[in-house]
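Shared between the two complexes below is subunit A, which has subunit B as its partner in the first and subunit C in the second.
So, the complex of A and B:
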């Protein structure tokens, strides 16, 4: 280990450091161009925190006993990910009302008479009066966790002014805390770039801390990470690597993996998912919630707990069930626990993620399955290959007579019709091979009394049924390569950029060489120079430093000044 | 009659921190109205409410004929099969046919280009974005400043759909459940104008100071951000100001308003997207909305019945409306798609029910519908081919007497923006021109303007 660290110092190889965490040698691509130069700090991004991030930060900051009752605004998907689309979103009046209500409720709980003795780190001189010193201590300590960086004096002063208006000390503190909880610095992830000693732009330490914490734990930085940002440790490859390795080794990595797959697998589509009750009487909100949980449990169990090969997610017959899902799958549920592992028999025809209720029901119609929807989503999610909209003036007159027989008969027309074929010949075969599962994900062998043909030709190879599709997915190198891309896009909140291609190729190779292990991949991406690449947005300019600010930056408290 | 003092708060200008001037309106009371309920006793007109109503998949037109365009134009048009649901309210609804969305060389983005053209006045470059703000925001800026909510967004099919946008990228977040809509309107923060024991809540001022700490930091925060982030932060601070306005209103005693009655709380939400459930949601939401308008909670609303590529269905039928619209053969004898047309009629039933609820609530000797102007529109003309020609549009309500309602207006290929502009003008928004490129227009449909 000592030798390794020396090697890192001597050659400056981040790859060697990554080895310590993942057990594999990784050569990261270098940034194609030198970083832009900067005169001073500048804000490079403002991304709204997601619902799960909000909830996690509140629980980490105050304790998981705090109830958060709010309806969060919908996010927006672009290039396959909410993390990309939502970077364009702000907070509407409706959304702000919700944040405001939640902030009042959280402050009320945190400063309730029963809690204040433990939640407030100091005792006011007189609880009937404002006490700036104690209030400032409280605001500094919680503010740093909520804003993910130390508060500036101006930010504290504004809240002290609010606190003085309260009816007594704790009432004032409650108002001040509410004000932190509705602040843009809390509700948006505000990323800051700063000049390094040579003047080249780099993300500041707190931004780096947030990037890795949100990616790996789906929450803001913890105290240790904030300390590493403050000390400048995150500005060195070794320091960054040490923190990434710590996050990767923690059980909380499961939270980060869960959040990422919730986004990539489009599980938000469960919001508002409905099935026609007269055709699928078994469908209910409980089934929908359970299916979502089944998928996430499978992902975490396979990829994190057991550190399995990512590609096996498409062929494993192992899953997790509760009582209501067992009824949908028509299998016995004998466990006393709420959730129990279950392995489908070979003859079930099931094969990994694609044959879970989640994928099958999300990408279907309310009353029938949809090979086209399933095929389109399969390529979009796992291959990052979007399907263009159908031509507006397509002639449907030949696509008739769908009331009888199987859906295949109708779709054959699409696949042979010029204008439709380019897309449907890609999306439909794979969807038709999944047709042994209905709109709720239950097995069926007949449609309108006719046997369903689940054969398909994928990439020139004849396959049959879902297990054939699963194997096709497992063997296709584009599937793990897409995961690499998506984790990166998700972490940085930016979509496709052709200059990143070399980077992706090398990262995908490293992922393969390390046996397609997802925890290691998270660490690998978080430590790559690309992950901390600075993109200065159009119109962002540093504020010219005033003399007193320059003075502050050389004081002992220099990091705080730089964070402004 | 005792002289009533009106000037004190007929327009109260409260200058809030940050310099936003807010005009606080007054709730209405029957005795303030003149004889016919058209204007307040002091001569100020009754506030006109503006709404948009969207439904997906247009109405049925086939090369063989139409199921919705009346043959007669002007007043006294006949009710066609797919407009059956507005029969009882026909004299309060104008029907617009033959208008089209013009692409200006941009592709026809299916189930999007048409609605974006109507709402924003420009052919959009990409699905789910608009290239200009939607027209309801222009109206809301003009007439929505004085109420608790600048505008109210609702979606009846369980999904958070909205065509309302200031930036073209971020859309309004609608209420998707009647129960949540009820809570938002009549729950915490609602001021009952008929509560005899009204007292200002001293806590409200403290809540205002919570907001001022956030506003104090605005300059420091926004000084060095890029353009895109500045737009986001501006929108955030607009939302903060909206909250300030709500709080300021809570410090004002609301004027007695006998017509404002807190409606019954809806039952637990019904889940589902079948047309029966969507129509029932529409009806319940309309009932709540009608009272929200009377109680002066908002003057502008946006309602989405179903999505463009509508996923609604008849219960027990395995095919959704969107599938039918494309796949169903045209019946050789009848000349139209039978199930598609049945669904179109069922979808329009939602609109008829919606209007009926607004017409059931009286204000003076008029109804809420009479004092409103609601523009209903869809995303396509003939949905089977995603046609941007002859997109159905309707203007419902009397606009406080400004709308010469009950007419059928037919053109051959005039831009849809003419109808949008007409709606904005009927709502009293000072807008003389709307749209971009080939859809730019300054000519409203004057036939319907009083």
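So, the complex of A and C:
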């Protein structure tokens, strides 16, 4: 049994790594001194794969013709990100039924009579009977993509035993494939640390491959990345750099960026979004889905396709529309295509992400806008500054009496309560400056017949309206610094750790120096030593050793023995 | 009159509606375009005045006996010469209603010498469809003679609407606005995507509310209407004009305090919200208000040929219409013929047209040129851009009936 060694030692330092996109040299922060040593591989984390990751892995493994018809279990947001919450998730019995149903369906499609000639890489000796050799070939091939690492002999043997129980070869193979698709190794991203040649803990190559693939492509490692993991190339800065650069240069980086911003911008909130139909009759599920897509298209277009400054997301008037959204924004839809780029006129008052239907409708009440909600979420998402829940004894009736004046008047009165003022004085001004947009994101100039005052003082500076807020966001260095943190947290599945502060400061400086380019930032973070930092949880479980791992451990032991 | 508040200015700026280029057709069109407003029709129906205080079939000033009652169909058949046994057999839902030999419904053969009364209505004895006996009607003064016709609900004189006179007590058309079975069936069809009509209004002056040179155009669109969460037609959607060889209508006139009065130019042919899909109008004119809430509402009137109205209803489904809408179809023919009041060939000619009006409700929408590349800048004809349209066929009329009946009868 592998034993976790409690002692600590210096981890080999990576002085610098090249910036993957631009070729500029980025100086990464050094890892803190304390780093554990190991005697053998241990599991250090398990993160449930998200719905989009599941779908992407299936499409990458078998082809995008496979239909995945399943309802996935809800995810859990922690410290602002679902990615962090994913480390805390298990699978409920109902959820397992869903995964099982999806697995049966996928297996059935992959091994259907019309597909098996191309999906099975060998021909069984007799299709009426089990064929271990052919089945093992199939299981090794697909199992490696599904588990994101080679299967152990024990894992293969178990599936071969399952395959023999089928009525014929393909029926058995279908059972074995279903078994792979409901295995924890597929449904969870199981991260493994191993001792490096000096005995210091490091993530094993397959874990590194998964981390960068899920971060940058929102899917499991492709064949080249798995090969790099197998060869040990990912254990070298140059090898890691090469693979990160390849992933960063791929069009599939857009998938990774979409997935990250889906998480950071809390777009999962669309699942439960409702609006009062009598007040906002234009709202529908189509509009909700369109708004989500508008935001993601804008993000990808601005940040990936055109490689623009991240901060411009808060001031750009460029967006993407379809016919439904154009109606909500009350602008013509000028295209024969389903989606088309659109630039709001200056006088529209629109300014970037904060004035899209997504932000304005997600963080409002069903029947009215909410300056407080918008302010709270703005600071939570873009400044990583959460707001505590309101005290239990607050009287909300005055704030919610929408027929009495403007919301500004009501909130100011609300803030006479000292217990409320502490938070509201932070959240409300920025939200009030967005009040020219109703709960659906439509322009309005009046509230209850009174002109809406959208002036605000933010960080001691007078701003007016959404465009003032957008400029405030663009100019605030904490906004890109928060993005750096969030991408890191998203990639490693861990939240705030004060020991990481130096790392974040240096990465934020590098991000700024490179012109706030997000593709480069993904590469920059993926190649940083911190991104592959090993955190050994208490009670970490050893991993059954594969032959080559045993050999590695023995050689390490022998080296240590020789040194002694 | 619509107030020009700052918010309206901003909304107009956001909408991107702008004055466009100068185009030369139709002849005599205003040379410059100062403003353009565009809409999509969300409801239109024959203009009917319901004189009862409630319900949809109650007695009222329009029809003191209430909606024309359902005939006793056994009696109708017996009057046509069938025995009671034969009549009851024909009325028994368990028995086939169409002849296996010629496909015609058994109910059809009740004319003289068992002629098909749908095809030959004059072979049937007129039982009489109750006409409107009230003096109030909605519509327009088509003959510029305030001494003839009805009085409008707000006291206006000379309303010419003999279509209402003839058919206003028929269940198909009678009821409060938007409540008659015919209007609901046809507008449901439009709202479900069967067709879309957009309206373009443009003028050459600086003030849309008071402009001496205004044009109004009605065009098909290739884009379907979208319903909102309340089941109404959603505002502000974008529609591309679909040129149509015939169905297009352009009016020219003026606005006074936001009310457009205009007369038809050239061939005025609308997409009819009725069993007969095409509505040509002679002597057409309109009165539409650009309302403060952005809507365009009012009336379009003119003389329409009455025979296609009858043919539209009887095509394919005469027996169904009779049973569902409580009318003997030959009585519709007799009523239309009796109240027809216009002859294209002059006062002494055959009165093949009948005065008629449509109520129109349209809401703001963005209307694009057929290629979708830009918003329409002004009213103009698109007929020359249309691919030759399919000739109107009985099949098309039958499809219209399917919309009306939900396709679940017989």
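Quick note on the criterion: the second predicted complex is superposed on the first by the 509 of 564 C-alpha atoms of A that agree within 3 Å, B and C clash if a C-alpha of one lies under 4 Å from a C-alpha of the other, contacts with A are read in each partner's own complex, and residues count from 1 in each chain.
Here is the rule we use: a contact is a pair of C-beta atoms (placed from the backbone, for glycine too) under 8 Å apart; a residue touches a chain by one contact, two chains touch by 3 or more.
As the structure is a prediction and not an experimental result, all values here were calculated from the model.
Novice: Go through the superposed model and pick first if A:278 touches only subunit B, second if only subunit C, both, or neither.
Specialist: After superposition on chain A, A:278 lies in contact with both partners, subunit B and subunit C.
Novice: Output check: A:445 vs subunit B and subunit C. Expected answer is one of first, second, both, neither. What do you get?
Specialist: second
Novice: Which partner does A:183 reach: the first (subunit B), the second (subunit C), both, or neither?
Specialist: After superposing on A, A:183 lies in contact with subunit B but is clear of subunit C.
Novice: Considering only touches as defined above, state whether A:43 meets subunit B (first), subunit C (second), both or neither.
Specialist: A:43 sits against subunit B, while subunit C stays out of touch.
Novice: Would you sort A:323 into first (subunit B), second (subunit C), both or neither based on which partner it touches?
Specialist: Second partner only, subunit C.
Novice: Touch test for A:538: subunit B only (first), subunit C only (second), both, or neither?
Specialist: After superposing on A, A:538 lies in contact with subunit B but is clear of subunit C.
Novice: Between subunit B (first) and subunit C (second), which, if any, makes contact with A:113: first, second, both or neither?
Specialist: neither
Novice: Who touches more of subunit A, subunit B or subunit C?
Specialist: Per-residue touch count on subunit A favours B.
Novice: Would you check which partner chain A:338 touches, where first means subunit B only, second means subunit C only, and both and neither mean what they say?
Specialist: Touch status of A:338: no partner.
Novice: So which positions on subunit A get touched by both subunit B and subunit C?
Specialist: 277-278
Novice: If you look only at subunit C, which of its residues touch subunit A in the complex?
Specialist: Where subunit C meets subunit A, its residues are 6-7, 10-11, 13-16, 223, 226, 228-230, 232, 234-238, 366, 368, 371-375.
Novice: Can you tell me which positions in subunit B touch subunit A when the two form their complex?
Specialist: 107-110, 127-128, 149-150, 153, 157-160, 167, 169-170, 172-176, 180, 184, 188, 206-207, 209-214, 216-217, 220-221, 223-233, 235-236, 238-240, 242-243, 271-274, 311, 313, 315-320, 323, 326-327, 329-330, 384-386
Novice: Which of the residues in subunit A come into contact with subunit C in the complex?
Specialist: For subunit A paired with subunit C, touching residues are 275, 277-278, 280-284, 323-324, 326-336, 344-345, 347-348, 443-446.
Novice: Could you please specify the touching residues of subunit A with respect to subunit B in the complex?
Specialist: Per the stated touch rule, the residues are 41-46, 48, 71, 73-74, 76, 88-97, 100-101, 104, 152, 154-155, 158-159, 161-162, 165-166, 171, 175-176, 178-179, 182-185, 187-188, 190, 271-272, 274, 276-279, 285, 365-368, 389-390, 392-397, 399-402, 410, 536-543, 564.
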